[in-house]
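Same chain, two partners: chain A is paired with chain B first, then with chain C.
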Partner chain A sequence: MGAQKKGGGARVVSDDSEEQSRQRLQAILLADSFTTKFRPVTLERPKVLLPLANVPMIDYTLAWLESAGIEEVFVFCCAHSTQIIDYLETSEWHTHPNLAVRTIESHKSISAGDALRYIYEQQTETSQIQGDFVLVSGDTVSNMPLADLIREHRERKKRDEKAIMTMVIKKSKPSPITHQSRLGTDQLFIAVDPVTKQLLHYEEDKVDHHARGGSVCLDKSLMESNPSVLLYNDMQDCNIDICSPEVLSLFEDNFDYQHLRRHFVKGVLVDDIMGYKIFTHEIGSSYAARVDNFRSYDTVSKDIIQRWTYPYVPDINFGGNRPLKVGRQGIYRACDAVLSRSADVGASSVVGYGTKIGNGDRILNSVIGNGCSIGSNVVIEGSYIWNNVTIEDGCEIRNAIVCDGVRIRAGAVLEPGVVLSFNVVVGRGFVVPAYSKVSLLQQPMKEDSDEELEYADSSSGTADRLSGLSLEMESKASELGPDGAGYIWEVCEGAHDEEWKHSVAPIPEDKLAEIAQAMDDDDMEDESVVPTSGELKSDADSINTDVNDPGDDYSYFEKEVEGTFLRAVEEGIKVELGILEINSLRLSYNMESADCAGAIFYSMMKHAVDNPHSSASELFKNASNIIAKWKGLLGFYVKQTDEQIEVIMKFEEMCQETAKELGPLFAQILHVLYDKDVVQEDAILRWAEEKAGADEADKVYLQQCETFIQWLKDASEEEDEEDD
Partner chain B sequence: MPDVQSTVLEFVNKLRKRKIEGSQATAKCTVELLRSVISQQRVPHSNQASALIDAVKAVGEQLVAANPVELAVGNVVRRVLHIIREEDLSLATAAMAGLDLLDASDDDDDGNDHNCKGVGYMSAAVAAAAAARSTLRPPSLQTLLEGTPESAAVPYTSSSGADSESKTADKSSITRKLKHDVIEGVNHLILEIAGCHEQIAEQAIEHIHQNEVILTLGSSRTVLEFLCAAKEKKRSFRVFVSEGAPRYQGHLLAKELVARGLQTTVITDSAVFAMISRVNMVIIGAHAVMANGGVIGPVGVNMAALAAKKHAVPFVVLAGSHKLCPLYPHNPEVLLNELRSPSELLDFGEFSDCLDFGAGSGSPLLQVVNPTFDYVPPNLVSLFITDTGGHNPSYMYRLIADYYSADDLVM
Partner chain C sequence: MDFQVVILAGGFSSNLQPLVSKEVPKALLPVANRPVLSYALDLLESSNLKDLIVVVEGEDAALKVGGWISSACVDRLHVEVAAVAENVGTAGALRAIAHHLNAKDILIVSGDIVSDVSPGAVAATHRRHDASVTAMLCAEPVSGPSESGVAGGKDKTKKPACYDIIGLDSSKQFLLHIATEAEIKKDTRVKKSILCAAGKMEIRSDLMDSHIYAFKRSVLQKVLDQKPTFRSLKQDVLPYLVRTQLRSEVFPEEKTVEDNGKNNMQSNEVVLSQILSNASLPSFHQVYESGLNSRKTHKCCVYIADESKYCVRLNSIQAFMDVNRDVIGDANHLSGYSFSSHHNIVHPSAELGSKTTVGPHCMLGEGSQVGDKCSVKRSVIGRHCRIGSNVKVVNSVVMDHATIGDGCSIQGSVICSNAQLQERVALRDCQVEAGYVVYAGGEHKGETFARK
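Our next item is the complex of A and B:
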């Protein structure tokens, strides 16, 4: 509601019940990832139009949204917006009866936060977010049903105004060696309330677990305010969110929110002023994943081929794609693909329409697009060949991505992890080194803020630049052999080590061994192993304590006071200044002056004990010296009888527990305190009275002081008599 | 028209997304859709039949392409095409009988191809009438033997030329009547599909006897009605239900059987062989029945059929007439299977580490195959029970020939 009210007076909020009954199910689809992970491919084509098993990613997302009952989807286009809009207008989504696809175009947005702010500002009477909406990005592949989830979200919202978002999570174990999820994203730590499913903590762990020792820091208040907390490290964030309109206005209010997870989710979790809450929903049998990097491109493609995404699989026409025929061993083949008899197309492969595969080719675990022509004796393993690619005889391609229109001349070799962008030509017999990214466009030189975009310039210039480049290319000796064309992009420093993580190629054995070795070393240092997931229950008694556990706070306070006191002793600070410092501590910890007195006395005695001494008498001397010196400080806090009693009690406690050496000296030191006027006669007598009824064990010190107390009593009686 | 177009699109969409399950539901939706296509189709004055056939074929092709695995769609489309042809034929026969033989050489100055065909049909009809076959449904076996009427009819058309005014008026009435008759026929088909359970269930008493043990697999509404009909006739018997992993539709069937008061035992699919010696009859519902008498049924059915064969237990298949498919399964294009999601077998979360392609060779070592259907060859089937009675597997082709015209087999 907040969003609608803030949105200006123009819109009238309709009657609540009416609105609930007939709310169009809407979705916002961000057709831009706002990252550079798919460069250089995304310099020429937006990520959502990249083919995943020969179907553009956005078709998966739209087909899923449509069948999940979404009626209206706002496609937010930023980079290459014209390409996306053109595609959508020619696709069957444009005229789809059940799903209205509306495009929103903006060139200024450089993050998801900007996009949502733009959408919020651009809302008009006809196109607006009316209620709860689904927020996904255009590279999501899923088959989960949404209707129940949206209903759950709405009902929760009705009960709790502050429940603004439901986040979809799915169980997926991270690799024990690399601490990376199978999608190539960092390991995720989340804390969830097991009953309400409220999200309490969200942390994407960067893989530098050497530095962190594999530990997670949780706010202590988390444990205090929740009776039980479930911690997971085997969950995968599906990047599918059901949001209430408040989310948009939150983005509007917090103009520094850029990233959905790093800024928004963390911001909401930390902010306890607004008190907004995020909930989680774990999906069981359905599939959901986001193509975030080349590694997840590989993983999701394989999941599609293995049919986890059913019914969004290549042999079913789900979104205007031409269905392929599925054969044994999960081989998908177009009916007009020409395969040579001697070609060996192995398990889990896809061969597109109009593709010719020559003699003696070996193809395994690969996706080959439409209209490709592949010569003879070519080896293609674990690779993704897009459309209209020409591969000449005798090439070897392993774990590579080859974009549209690429030409690989005879005998060339692509080593694992290579990405060839559009229309690149690899020269005869050239070996493209592992993990290299090749494009016809030169690598942008500056690492400026534009890096956040998928493309550097406005979308118009691409074609012009391309033609210009090809001219330039002829004059310049190519980096890809004499008859090749394309620039090999340099990997920026620092990112070089990370390259293997996000590549399509599997992590090489030696790298894995290296990491495993490093981890073993870590384990030697630190044996504690965190279980995959477990329920942490804070003790019942610590919950029951109403004020934030005063015992705990007091011990902190005591330590602080001790520190202050020692500093005062060492640096010879004056008593007045000492009082000032301790007063400020007292305020910040919200303590009584009796507590201060106890703490100061404790520090003094501790100091006395800590000072070197050989015998009890020397210790006594130390103690009395200190008391003499700092009685002003102590005296400031022991003006009342109660406070003096507190000091005695504290002293007694110390003798019993922390500083047993002082035990025999109890009576003597008490006498000193009396002499120095720190403790008054009344206090001692009242202490004695209180203790009189206690257990025998507690009376040890009382008995020790018996003569002293007797003397005090007599003295006071005498005084009384004299007064009379 | 636009609303028909949109309902067609919507249905195509549902078929594609696999949102309609069960051949009966699909058949019902298909036939209702085709009825509205026919009723909305504006027909020209001449050659109504071919216009209707073209319209139905066009829609039918879309529907079949949307989900080729669901054979009931193709079956129903072919049935409707057959109805159109038959009605056309019977009208022509009637017209011939009323008019002179001379009318057969009626005319058409515009002489377009469709008209020729129409005339061709009529001529064929004349031939048929001459053969004194007054039944509305001419024996299809003969039609098959004759080959396609079109080719046979072409020579007759040469004798065109003469015409008469009265004829055109007559024709329009014929065509109006044709559409009406076709819709009537389609309505019959709808009733037939809706009533096939009862028709089949009526025969239950003849097959299930006192104190027998019946084994079934998966969940079929036809089987449920069949068993319940026997129960209602005071037969007391026991039912073993094989659970039908991985979707466990057998559990649902068991629930419903118990709700109707039948003695039910649920067994695992793998226990079928062990239990078969105690079973008197296996009764299953089919997904489709092929022209050779082979059966496409829920996965695991072939295993049950083999077990039944081994122990000489009768293996009975219940199939409504919409499940009879005029195609032969030796064509791999026809014998399709639906491979569903592996998540029905495995929990993705548990196995996610086996599917981590970042480690090892990068090739998926774990494969999951989850087929929906199984093929049972005809020699394992003892009896088919359709709404027209019990039949031998070797008789199925004949039954099928009654329902479909040879022209429509390939769409």
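Our next item is the complex of A and C:
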């Protein structure tokens, strides 16, 4: 699709400034958020096409870009790309005079990083992006002016080559209790240079009250190079970036960058080799927000209804939408909506075209789409009912999202936080428990709760799975009452507790109290950690944790060697291969060959002890068998006398600490080692000499071996005599 | 003003060896020929703070300091001198004299400060916010000689050392973070709870804690009692109060004590403090308190001195040189002397030989004699010094009764009282202990001359 654009961009490359002024304003719009936060809804429809106050999100973004003076926008489609392209081709954006909408399609991308890399690769063929561009995602609702910002960015870029990105931030204080912004995103800590507005630190705080670090850590070099740093907690990242072309190439260079913030921004901040800089721009009165999760869906919808996003409000046509009539108290109504007289439509509500509302209904703070049919005595509060939904008599719906084509049978109740995906049927009188997510599609089985999986796997892009699954559906008895249809998705463990955070429903009181309590305890804990100047001293500990303790390293190494050895025993690996493996370990841990010898011997003895045995003699047999079998391996590392001594010392240590059973066998096993030529007599004698001066307690094994050593001495003397 | 002032005058500070001696404790080191302590006393007097307790480490030092005070300013000020054991730290010193404290607020001033920032302003800020502690901050001084000439070379290349890392709120009135000495060299860790409550924090590394604090007495005593391990005000007490400002441990009990009939007064005080601090919005402390029940907060405030103000502590030999240079140079309004048209002070009783020049930013004390063909630049020379002929004194301090032989050259050095330099001694960046004799013809650089 991207290849369409050619020819039009033919330009004379002239003086730099001239070129810049003539440059078209371009934007890249990522029509895929690469997350799974809107599942199960996004299994069937891409997020950017989900309606916000009855208008697809992407229309808000495009309308804003158009009015902000952007002339060309590249829509990057990944999941459900055909749906997006179809939508754009039939919408009025296709033929818009001021804004050229081009689509780029890729199915392999699973992250924003992949998307930008793909665009960069395309770039080499088509050179679509000619200069600075605006990078937004297709779920952004904003009315901020961009022209000045882009100019500011360009001027800065001219002064400072390294200023490659300007990031838009907006003041928004997170809740003091949940530490979550009103958009349901994690609280953000950013540090900015007060004069230049350069971004110095960016930290998204995972809202996790059980393992929350009590402090924000700024690198010391930051304080050394800046006399003053502004640290914000009350800023929200609008996810609107003005980027220079270098950004794309940076993504290409760093193929592991996935997330725009977590990887790219952090990567740029910590990388001082390239010295690239990111700047921030704070907006005051304009609106900018991204629909990132169900909570922000709720927040942004309410902002739209309350006209913060003007002129992108339901009563104005901005993207081919049919404007609604606005009444007092922020009630928007389509002219052909049929409202029963006894129905009570309360403040801040939207009722779409062709919708019928029955007798005695109570609707408050809710959005109802087009073509819905709502029976009598239905209560809808704080909910989002999309198009063609049928709600039968006597239902109660609170703080829920109900997608297209859903049918809610009489008397059913949706508890707060419920999300009903497309065409679900809720059975008669069925109560859908709070925070359930219901879909006709079964939950993908392998759902890691891992962060990695936040990036949707490629399967989310294939809509054709759908048909097969829904057929299967028919046969299965529904989880939503006898006449219902749909699966209630299980919340993956771990996330269960977090469900309320990102839901459309307001956070329940008891949760708030709980968190406030937890916060109290937290504070108490971290207070006790701080030492006073009189006490000695945090320094020592912190150094140990900073620099890996060599002793620690050794124990890891030892474990690894033991693992390798056991594997070798089990799988019957040849000695040579074992040596290879241990050599590689030795290199990676930067160990001496004496360390290897010690570790291998340790593994061997441990293996001997672990093998079943009933008496000391059996244990001895075990040990000597193992020594006989693996002396090649051990022998490789004990070529020097020092290494052999290390082995003996290790043995001694083991007998004293980890494997006391071996203690009585010390002399016998030492003899075996001598016989098998693992340790030479020199080593034993030197060990004996060294030990002679030790404490009595340390001499236990020396005494045990006395006769053996004596014998060795005699033997060597005899040899000497013979030599003479 | 119901303020009690405590001056922490130190003792025979070890990092000022060999300048201090049995005769001259730190508080009596001369700055432009008067004891450094007199600058702090004058400063306090100018703010009409006349009720002072001077705390000296060690009995001997206390006797010396007390002797000087009684001779110098007994008529103007009401000064008590208290001796405390050596090496107890600033917090320890206060603990030792706690029974003397009875005013509502305590102003604590370091005795080695040379400044023209009004302590009255600090006290006023403290009162206005009804703060638990108020610290005075000032711009970091420029260390080392201001002119690149002689000794400046190597200092210039050095980056200014980072003294303090300080977090302020957006109004620059509250102290949100202060790094202790051990933390300064490491990454800065800012407590999230405080940052979240304040929303925004400005972290500055170009400000210096100038060791003038106003404490609420009740708070100070509580902390000193509760935390027997705290030794230093700056390293322990202040960071502790800053850390716990949103989870105060110093208030609740006190309230119950004061509740008897004082309730009305207190709520009035809160309102008053709000009016005084000109705050249309409640401070973040109050917001925080109201958001979470059962939380008490206390305020840690700052008074930031204007950048044009002068504020330096005499706590190192380098600082001693700097202060002496500045007081007769750039900050000469502090010295209290009137300067001649040549920007120097030559006492009328001083005798200058022929062809001897005394340059600007110099001081020559009472009864000193300077021989022929000498040159004195940017230096302070004490009383009754005898300086021979052909002597060069640059960027140096020569204390009272020193004797300098012919042909000496002294640069960037300190010659303590009664010391003697024989002929043709060349010193650069040296310190000579009181009464020490440097033999003729020696050439020395960066040395310390002391008997031990």
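Everything that follows uses one rule, which is that the second predicted complex is superposed on the first by the 468 of 724 C-alpha atoms of A that agree within 3 Å, B and C clash if a C-alpha of one lies under 4 Å from a C-alpha of the other, contacts with A are read in each partner's own complex, and residues count from 1 in each chain.
We take it that a contact is a pair of C-beta atoms (placed from the backbone, for glycine too) under 8 Å apart; a residue touches a chain by one contact, two chains touch by 3 or more.
The model shown is predicted, which means the values in this text are computed figures rather than measured ones.
Asks: For A:Gly184, using the defined touch cut-off, is the partner it touches chain B, chain C, both, or neither? Pick first, second, both or neither.
Replies: first
Asks: With both complexes overlaid on chain A, does A:Asp234 touch chain B (first), chain C (second), both or neither?
Replies: both
Asks: For A:Val326 in the superposed arrangement: first (chain B), second (chain C), both or neither?
Replies: Once the two structures are laid over each other on A, A:Val326 reaches chain B alone.
Asks: Just to be sure I read the superposition right, which of the two partners does A:Lys173 touch: chain B = first, chain C = second, or both, or neither?
Replies: Both partners, chain B and chain C.
Asks: Which partner does A:Ile316 contact after superposing on A: first (chain B), second (chain C), both, neither?
Replies: first
Asks: After the superposition on A, what does A:Thr280 contact: first (chain B), second (chain C), both or neither?
Replies: In the superposition, A:Thr280 contacts neither chain B nor chain C.
Asks: One more residue to check, A:Cys217. First (chain B), second (chain C), both or neither?
Replies: A:Cys217: touches chain C, not chain B.
Asks: Can you give me the overlap between the chain B contact set and the chain C contact set on chain A?
Replies: 173, 176-177, 234
Asks: Under the definition above, what is the set of chain C residues touching chain A in their complex?
Replies: For this pair, the touching residues of chain C are 89, 159, 162, 165, 167, 180-182, 185-193, 195-206, 227, 229-232, 235-236, 239-240, 243-244, 246-247, 288, 291-292.
Asks: Touching chain A in the complex: which residues of chain B?
Replies: Against chain A, chain B makes touches at 6, 9-10, 13, 16-19, 65-66, 339-344, 347-350, 352-353, 355-364, 367-368, 370.
Asks: Chain C touches which residues of chain A in the complex?
Replies: 173-174, 176-177, 179, 187, 189, 191, 194, 205, 212-220, 222-224, 226-234, 516, 519-520, 523, 526-527, 530, 532-535, 537-539, 542
Asks: For the complex, which residues does chain A have touching chain B?
Replies: Contact set of chain A toward chain B: 63, 67, 97-98, 143, 170-173, 175-178, 180, 182, 184, 234, 284-287, 295, 298-299, 302-303, 306-311, 313, 315-318, 326, 329-330, 347-348, 364-365, 381-382, 399, 505-507, 512.
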